[in-house]
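Each chain gets a letter, A, B and C, in the order it is written, and its residues are counted from 1.
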Amino acid sequence: MTGIQILFIVNALVIIFSAVMTVTARHMIHAALWFVLALLGVAVVYAMLEAGFFAVVQVLIYVGAIAILIIFAVMLTRRALEDQEKPFNRASLVTLLIVGIVFVGLILSIRFWPLLQSTTVPLSPDQLTVGTLGLALTDPQQFALPFEVTSILLLAAMIGAIYIAHERKEKGK
Amino acid sequence: MSFIQDPIPWVIHWLETLLIGWGLSESLTQVVLFVLGAGLISVGAMFFTTMLIWAERKIGGRFQDRLGPNRVGPWGIFQTFADMLKIFTKEYINPVGVDKVPFNLAPVLSVAAVLAIWSVIPFSQTVFGTDISVGLLIIIAVGGLGEMAIILAGFGSNNKYALLGAFRAVAQLISYEVPLVIVLLIPVMFSGSMGLNDIVAAQKIPFIIYAPVACVIFFICSIAENGRAPFDLIEADSELVAGYNIEYSGLKFGMFFVADFLHAFTSAIVFTTIFLGGWQGPGVEEMPVLGGFYLLLKTLVVYFMMLAIRFTVPRFRIDQMMALNWKVLTPLSLVAVLVTAVVDKSIPQGNSLFRIAALLVANLILWLVADRMITAFRKRHPVQVVSNKRPLARPERLPAGGEGISQ
Amino acid sequence: MIPLYWYLLLSAAIFCIGLFGAITRKNSVGILLSIELMLNAANINLLAFWRYLYAPNGDLRAEVFVIAIFVVAAAEAAVGLAMIISAYRSRQTVVANDMDSLKG
């Protein structure tokens, strides 16, 4: 067991524990805080995959913006007596069974697929810089189109969110 | 490398040979040296904060025409240690109903988020924590972690005013991140990389001359990110009873306090690194240790400017602050990035004097246009400073039958 | 070193946990949290495949896909939370089961 394998196993346990606590926490604010811990663990996984840019972007976007947004939403939609009951609806046992079957199926199929087994030692490429990604995203021959489309999507989402959450003044009531 | 010219790498090299001589493996030596370096930087930063607090109180006193602390030690330099002793011995009060983990984690996370920025700053040509190619993004990302700490503090206190204060604080911090990040595109454009080492190495001429408008916007947003005056309604005593750190006492409050001052100094260092040239200066090729001195000097000048603004200008209201951000700074930063990109790329490489002149002219035009627009807007929507005229209360104006009204 | 299937197993685990949460959570914000967990699991999957199978050839397609997923997740979180807040204003509840009529 090399050092990095131990690090990966510890990190994976932290992520899975935080994810389980996220979906089973009684108070929503606790769920949001466990979610932040899970996101930080995922950022560590990205760093281990030598995608440093994505690790930083994960912390910046998810922890710095989306998690804060979710906490704001939890605070704004909170009522006093809401967090006293079980957080699950009626379907929890059947769903647990089905999700368990899906997970076991995934494990079996991943574990015994020859292509995924054989890649034990990754090569170490020399082009993992941010610069190549940036050049690719702005090159019309490569990936400029997805870049522009996602920017427009973000603009549309921004306008939509502002419009939906805007408080309308009651007319004539 | 000799000891005089480059002390810190010499010491690191000596320690490395010592540890390998004792039989440790290569990677373990690296880990030990990293941990040692991180510990030294953290402790050094904390000790430096004590001097910063003293300097701030003295200079603040002079700005306000008084002396500042002058009892404890010559010129009061031990005042901070006296305050530290007092804060260490205060009792931790845990109010009823607090959530233990967020309540206790918030001050720690607050200080940790500020100290993490020190790991990517290059102190001289050869002394830096780590050379990551996305160093600039790391600085902003750990700023986001600091905001998380404020939310934890506000929520964990089980106190409506703490929650309200935390929300206002986070709203301010998130809003001012937007022009901060947009304006950081300009040094990245000029130096071609997001790593701080590359940005400093590309500043033969400091970027403040290339892009003064970006510099001013970054400075204002840094002050707002810290929560310093004039943006300090986060801790406005007269409005919100100390904001998100109401329920904290003792060393936990001390940690928030330290994080505040250290964040101001860290913002000054980041500003110096990105816009003023960091460790660049005459003679750093032969003696790299001079780089550290230049950095310190420039940072202290920027910090002094931050203090000068803090003790001079009155506080913003929250709607004025939000209007300043969304109506002035964000469009200005977007247009600045556009204009700088167009001007910079339309001048072929190498005509550096012509490039500087063109960029300065472009920035000047931008500044004048923005100024005209703001003035025209203010003329159309004047702000009423006094209320409508009301009759003054005079004894002869009491209503009829009001002889015994004061009983 | 770390074999590829470790990353894929981790991603499968997070996805299944997120799936369970998305189906059984009562609170709408909780459902959104679980959906974000699923998106993160997909991101881990993509980046693991990219690093092991595509990066040695200098292929950047997976990285662009991951950026697209980041953007879509952020956009969806923003719009979803705006809708939840707006629905809370008129119905005074965020329990997903109770929002069962289009009126109001």
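Observations on the model:
In this section, a contact is a pair of C-beta atoms (placed from the backbone, for glycine too) under 8 Å apart; a residue touches a chain by one contact, two chains touch by 3 or more.
Keep in mind it's a predicted model, so treat the numbers as computed, not measured.
The touch graph of these protein chains is an open line. More inter-chain C-beta contacts link the pair A-C than the other of A-C and A-B. The most distant chain from subunit B, with centres taken as the mean of CA atoms, is C. Averaged Cα coordinates give subunit B a centre that lies 34 Å from the centre of subunit C.
Remark: subunit A and subunit C have CA centroids separated by 5 Å (rounded to whole angstrom). One inter-chain figure worth recording: subunit A and subunit B are separated by 29 Å, centre to centre, where each centre is the mean of the chain's CA atoms. Each of residues 57, 65, 72 in subunit A touches at least two other chains. Of all residues in subunit C, only 1-10, 12-14, 16-21, 23-27, 29-30, 32-34, 36-37, 40, 43-44, 47-48, 50-53, 55-56, 58, 60-61, 63-64, 66-68, 70-79, 81-86, 88-89, 92-97 touch subunit A in the complex they form.
Of all residues in subunit B, those touching subunit A in their complex are 27, 99, 102, 132-134, 137-138, 140-145, 147-148, 151-152, 155, 163, 167, 170, 174, 177, 192-194.
On the side of subunit A, the complex with subunit C involves touching residues 2, 4-5, 8, 12, 15-16, 19-20, 22-24, 28, 31-32, 35, 38-39, 42, 45-46, 48-51, 54, 57-58, 61-62, 65-66, 69-70, 72-74, 76-77, 79, 82, 87-89, 91-92, 95-96, 99-100, 102-103, 106-107, 110-111, 113, 116-117, 119-123, 125, 127-128, 132-133, 136-137, 142-143, 146-147, 150, 153-154, 156-158, 160-162, 164-165, 167.
Residues of subunit A touching subunit B in their complex: 3, 29-30, 33, 36, 52-53, 56-57, 59-60, 63-65, 67-68, 71-72, 75, 129-131.
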